[in-house]
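What follows is a single structure, written as structure tokens, with notes after it.
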Amino acid sequence: MVPLTGGTQIKAGIIGGAGYTGGELLRILINHPDVEITFVHSNSNAGNYLYEVHTDLFGDTDLKFTNTMSSLIDVLFLCVGHGDARKFLEANTFPESVKVIDLSQDFRLKEKASLTYTHLLQDGKRDFVYGLPELNRDAIKQASNIANPGCFATCLQLGLLPLAASNNLNAEVHITATTGSTGAGQSLSSTSHFTWRNDNLSVYKAFEHQHLKEINQSLKQLQGGFDKSINFIPYRGDFTRGIIASMYLESNLTQEEALKLYTNFYNAHPFTHVTNRNIDLKQIVNTNKCFIQVQKKDNKLFIISIMDNLLKGASGQAVQNMNLMFGLEETSGLRIKAVAF
Amino acid sequence: MVPLTGGTQIKAGIIGGAGYTGGELLRILINHPDVEITFVHSNSNAGNYLYEVHTDLFGDTDLKFTNTMSSLIDVLFLCVGHGDARKFLEANTFPESVKVIDLSQDFRLKEKASLTYTHLLQDGKRDFVYGLPELNRDAIKQASNIANPGCFATCLQLGLLPLAASNNLNAEVHITATTGSTGAGQSLSSTSHFTWRNDNLSVYKAFEHQHLKEINQSLKQLQGGFDKSINFIPYRGDFTRGIIASMYLESNLTQEEALKLYTNFYNAHPFTHVTNRNIDLKQIVNTNKCFIQVQKKDNKLFIISIMDNLLKGASGQAVQNMNLMFGLEETSGLRIKAVAF
Amino acid sequence: MVPLTGGTQIKAGIIGGAGYTGGELLRILINHPDVEITFVHSNSNAGNYLYEVHTDLFGDTDLKFTNTMSSLIDVLFLCVGHGDARKFLEANTFPESVKVIDLSQDFRLKEKASLTYTHLLQDGKRDFVYGLPELNRDAIKQASNIANPGCFATCLQLGLLPLAASNNLNAEVHITATTGSTGAGQSLSSTSHFTWRNDNLSVYKAFEHQHLKEINQSLKQLQGGFDKSINFIPYRGDFTRGIIASMYLESNLTQEEALKLYTNFYNAHPFTHVTNRNIDLKQIVNTNKCFIQVQKKDNKLFIISIMDNLLKGASGQAVQNMNLMFGLEETSGLRIKAVAF
Amino acid sequence: MVPLTGGTQIKAGIIGGAGYTGGELLRILINHPDVEITFVHSNSNAGNYLYEVHTDLFGDTDLKFTNTMSSLIDVLFLCVGHGDARKFLEANTFPESVKVIDLSQDFRLKEKASLTYTHLLQDGKRDFVYGLPELNRDAIKQASNIANPGCFATCLQLGLLPLAASNNLNAEVHITATTGSTGAGQSLSSTSHFTWRNDNLSVYKAFEHQHLKEINQSLKQLQGGFDKSINFIPYRGDFTRGIIASMYLESNLTQEEALKLYTNFYNAHPFTHVTNRNIDLKQIVNTNKCFIQVQKKDNKLFIISIMDNLLKGASGQAVQNMNLMFGLEETSGLRIKAVAF
């Protein structure tokens, strides 16, 4: 663990602070007891108050977006679009001591998890650890750079990791999952037009969602020989926050065995909770928690996994990773009141 | 075809007219060019105007609910709860010439499709035909009694019938489908409380939905040897009307073959339309149509089926059956304006 | 009444058929017993099937959008943006016998209700009648050109016309009304982004909505000396269709007098219905109806008015005007099944 | 200020913990740094885990509901129905040192703000202070018993208090406000049935809402001679959380004067924030904040007030009052992350 920059507070810089994950990160960090926000970078909003973009922050902070950056920080959060994180780090110099947490997909796959850069002041290399605490907590604690997982990827992996860890992933997996509209970000589009999306459901990228790659990578990390298909049907939901995934596969495990397996696996993880009760999406909205329901139905093991796509699926998990990297309590700043209704 | 009772208009009686399917039936029948409503029976609302319950009907009709019935009708619609349709017909005498269309599940399964009754005036027997026009149109035309299919059952069967009809249903089938809240009817319940259901999704009766029986029955009617599992995960949706089902199975059919197979199968059916374009739930809300999207993804045939649970999934299909039974144009009274948004 | 062009069907052309009011007009006209669609013009979608834009029409029509126009029509509907209707008629020649129904605001105000044009083939003039049947039915029957009222304007006028007609509009009027998102059209914008609008309400154009002008014009047409303020607070609603307006003013009328006044005023109008029961927005969604609730509360007369912004507030009323202009039954093609839920 | 019961943590008991305000209070208190929950009383749920009712709490607490009470507490929250709070305090003995915060309407009006009780162990009297911190902060700090304001009442008062405090409330006030469904509580009813309420708006209790009494009481507390009408039209909204109120009255204040007046009035209040920017309901959902927009339109002063009905309108304000009563930071435990979307 690197010591902090001469103070008790972690100094954080944020790149891409005007988007949804940037805003959500700000909502967490302004109440985080151990963090001080050094700058919030946004090219398009430089000079504006944070609350002019994230209007709920009115009354909470008088910080403004800036188009300059300071390297006197402990951690840098990258909340930019896919592809732009790598470009940013190639173009901008930060000391090696500055830890990086990237919310894009740029460094999630092992074959792309390194960045070699040549700057005026220094050449260097950043190696990224895949930041799913339930999978890689020890590595995250030692990491200097984190590739924060995707939202669907987090929800689905949390539903399957205990099976892979126990070599119980021995059949084709069938998954349907529905995401809230915030998953598609701030950009206006026909499928995020209120008139179209209200009361509507639709499938997209059936069998082809890009998160399948990181999911497969993680499952194989735990169960090397895993070679079954993961069939994944993603839906656009008519709500703003949250993902609900239902999954099943043939399994020899009994309900009791499965429940015990899952409960034990997540026992030491503060945000992921296993139950055999019926769960519903809104239970976890506006929290960093993931609930997993495990049931056996004839020869099928049936798993439901729910979490908030912007928190456990993005900015909340990013802060969880930061907490681990800096030796803080894993839940620090993340005991968030659920919206519940 | 039985001649009508001395007039050009079909005289219809409705039992259970105060519920959702009853109301939806009324919305159709008051604009049906060939139907005259003789009575709308409701024990709880006798004496009230229809528009006191179905408040959108204000200005359209001054009919009242009644607690008496007339046998001078051509067709009797039963919109009562499951189990109550059989009881009603056992307890009440209608001439054999009165055709019956039952929207409950009481007569859908072949082993329960007959009613033998002993009344004061007559003994008799009513044999029910399963009223899915895309499966049984010729039989429906000859039928005196119709067991109208369930809503999920209709949506799922329409997605699979062409495969069964061509003996192409040769692998396990994986289905997830989400229904609007009207599927749960008018009764107040915790899962239909607005505060709970708004922006929420939840699974119920996974692998165990009661409609699986009628679905299996129909598929075996077309493909006798069908013995694969149908895995069906039903969801409660946070919208009021419509069902969207996504289904897949391993298949040797190419996309072109599948599309042709489906298109040909539904070619002569006026409400069910096949496409390879992306579809979304709201396209069919407030219509009697079913849209089916067919795609091949690697070795999987992927099918999406959408329809309105109260129309094609209940009252609309009931009128479609009536049209067929009485030799009317199949679409009569059913060219309904979509709500679209 | 001009005789139709050599047939029993009214031949209709539509300009701007790819927008929301254009689509809604098409949904009505394809089921209208007396209308034949001659062309649907759209620059951006020429060559595409109607159902590629209005996707619910799949299976209903194989018509395509065109970028050419025919003058062999009886009626031309203009579904273009505000300002574009006048420009279109200045730039394009149609015989005087072609009736025009304009859904924009271009000709609603008396001072702008005339168009003088100079074309190659003819000079001419078109005078527009404000197309609110409950106000101007006789004039509409004689009209060659109709300026179709705005959506808020229709809803608010229908709530106040009986008072103006009886010189009972003698105090300041206080109105709050909420509209569905379709009122803002198809264009993507931050206030129609699903993530923003879902579960959200917001005020816009308080005291300044542009429809106030046509409302005042109509009220003064009936009660010449009306000089009180109309305070109008419009809200953006988190639903797609419908407007609900609540209005009150000081009044000497008793509840009975007011109810009688309203009932009598709308007695001969088939779509506008008066009640003293509680009404709610969804009762009229997807219909051409307007419901008006009238109550007296102490010295205030309290009125609620509800209607569908795209039907009675736009395309439905346009067809109602067409029916009147061509001597058809006023309700022809407009007995539309409510969505109800 | 009474010293705490032998510890640094405030010991809290909750009566009626299974309802919506009880649940919301629990969500706050389990993360409150200065509070320890001693018991959560519920007759209907005694023995059940909190998370069996408030299912989002799963993983946060293993507390159970109880049907017994301890008097070894510092503060008692009453989250029971209107009328039941008074009955409860008449029937149950708590030492005088136990402060009471009642969320019902039982003690809000001055003429009902006292309770005289005769118990076995003691006779006594409890005098209640109306717990609106922006109105009565100093009195609240000294109070032993708090009558927590109603949700609409809070939202409307916060929009009007600065005017009353400066004797600027000199004309009739016109208010329309819309509330989320949680305002109607957990009980199932036809107007909280999802099928009915989704996409629906409706007016209820126009001019007659019970909160008008406490509003008038507070305004007269500040501006003794206030004798104008407050016209209040409440709406049921199709969302779960939040209230948005728009209000106007004739006023001589300029926009600048009004803005300054409001800003100064709320300057020292940490949750109520004044702006001249456009606000929208979701900005404050899941926070204890109230945003107030002030604009001048011709001779009308126009005010929009938004807040979360369950937090600033109920349980959040209850904790704010507790903080004040016990000398804590007013915002302690109440810096809640907005849901934002």
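As written, the chain order gives the labels A, B, C and D, with residue 1 at the start of each chain.
Throughout what follows, a residue touches a chain if its C-beta (ideal position, glycine included) is under 8 Å from a C-beta of that chain, and two chains touch if they have at least 3 such contacts.
Chain identities (UniProt): A, B, C, D = N-acetyl-gamma-glutamyl-phosphate reductase.
This structure is a prediction, so every number in the text was calculated from the model and none was measured.
Contacts with chain A and chain C are shared by B, D. Comparing the residue numbers each copy contributes, chain C and chain D share more than half of them at their mutual interface.
In this assembly, the C-alpha centroid of chain B lies 35 Å from the C-alpha centroid of chain C. In this assembly, the C-alpha centroid of chain C lies 43 Å from the C-alpha centroid of chain D.
Centre-to-centre, using mean CA coordinates, chain B is 48 Å away from chain D. Counting partners per residue, chain B has 20, 181-182, 195-196, 198-199, 238-241, 279-280, 282, 285, 341 as the residues that reach two or more other chains.
For chain C in complex with chain A, the residues that touch the partner chain are 20, 181-182, 186, 188-190, 192-199, 238-240.
By the touch criterion given at the top, residues 174, 176, 178, 195-196, 198-204, 206-208, 231, 233, 235, 237-242, 244, 246, 248, 278-282, 285, 295, 297-298, 300, 302, 304, 341 of chain B touch chain A in their complex. Chain C meets chain B in the complex at residues 20, 23-24, 27-28, 31, 54-60, 180-182, 198-199, 240-241, 270-271, 273, 275, 277, 279-280, 282-287, 289, 291, 310, 335-341.
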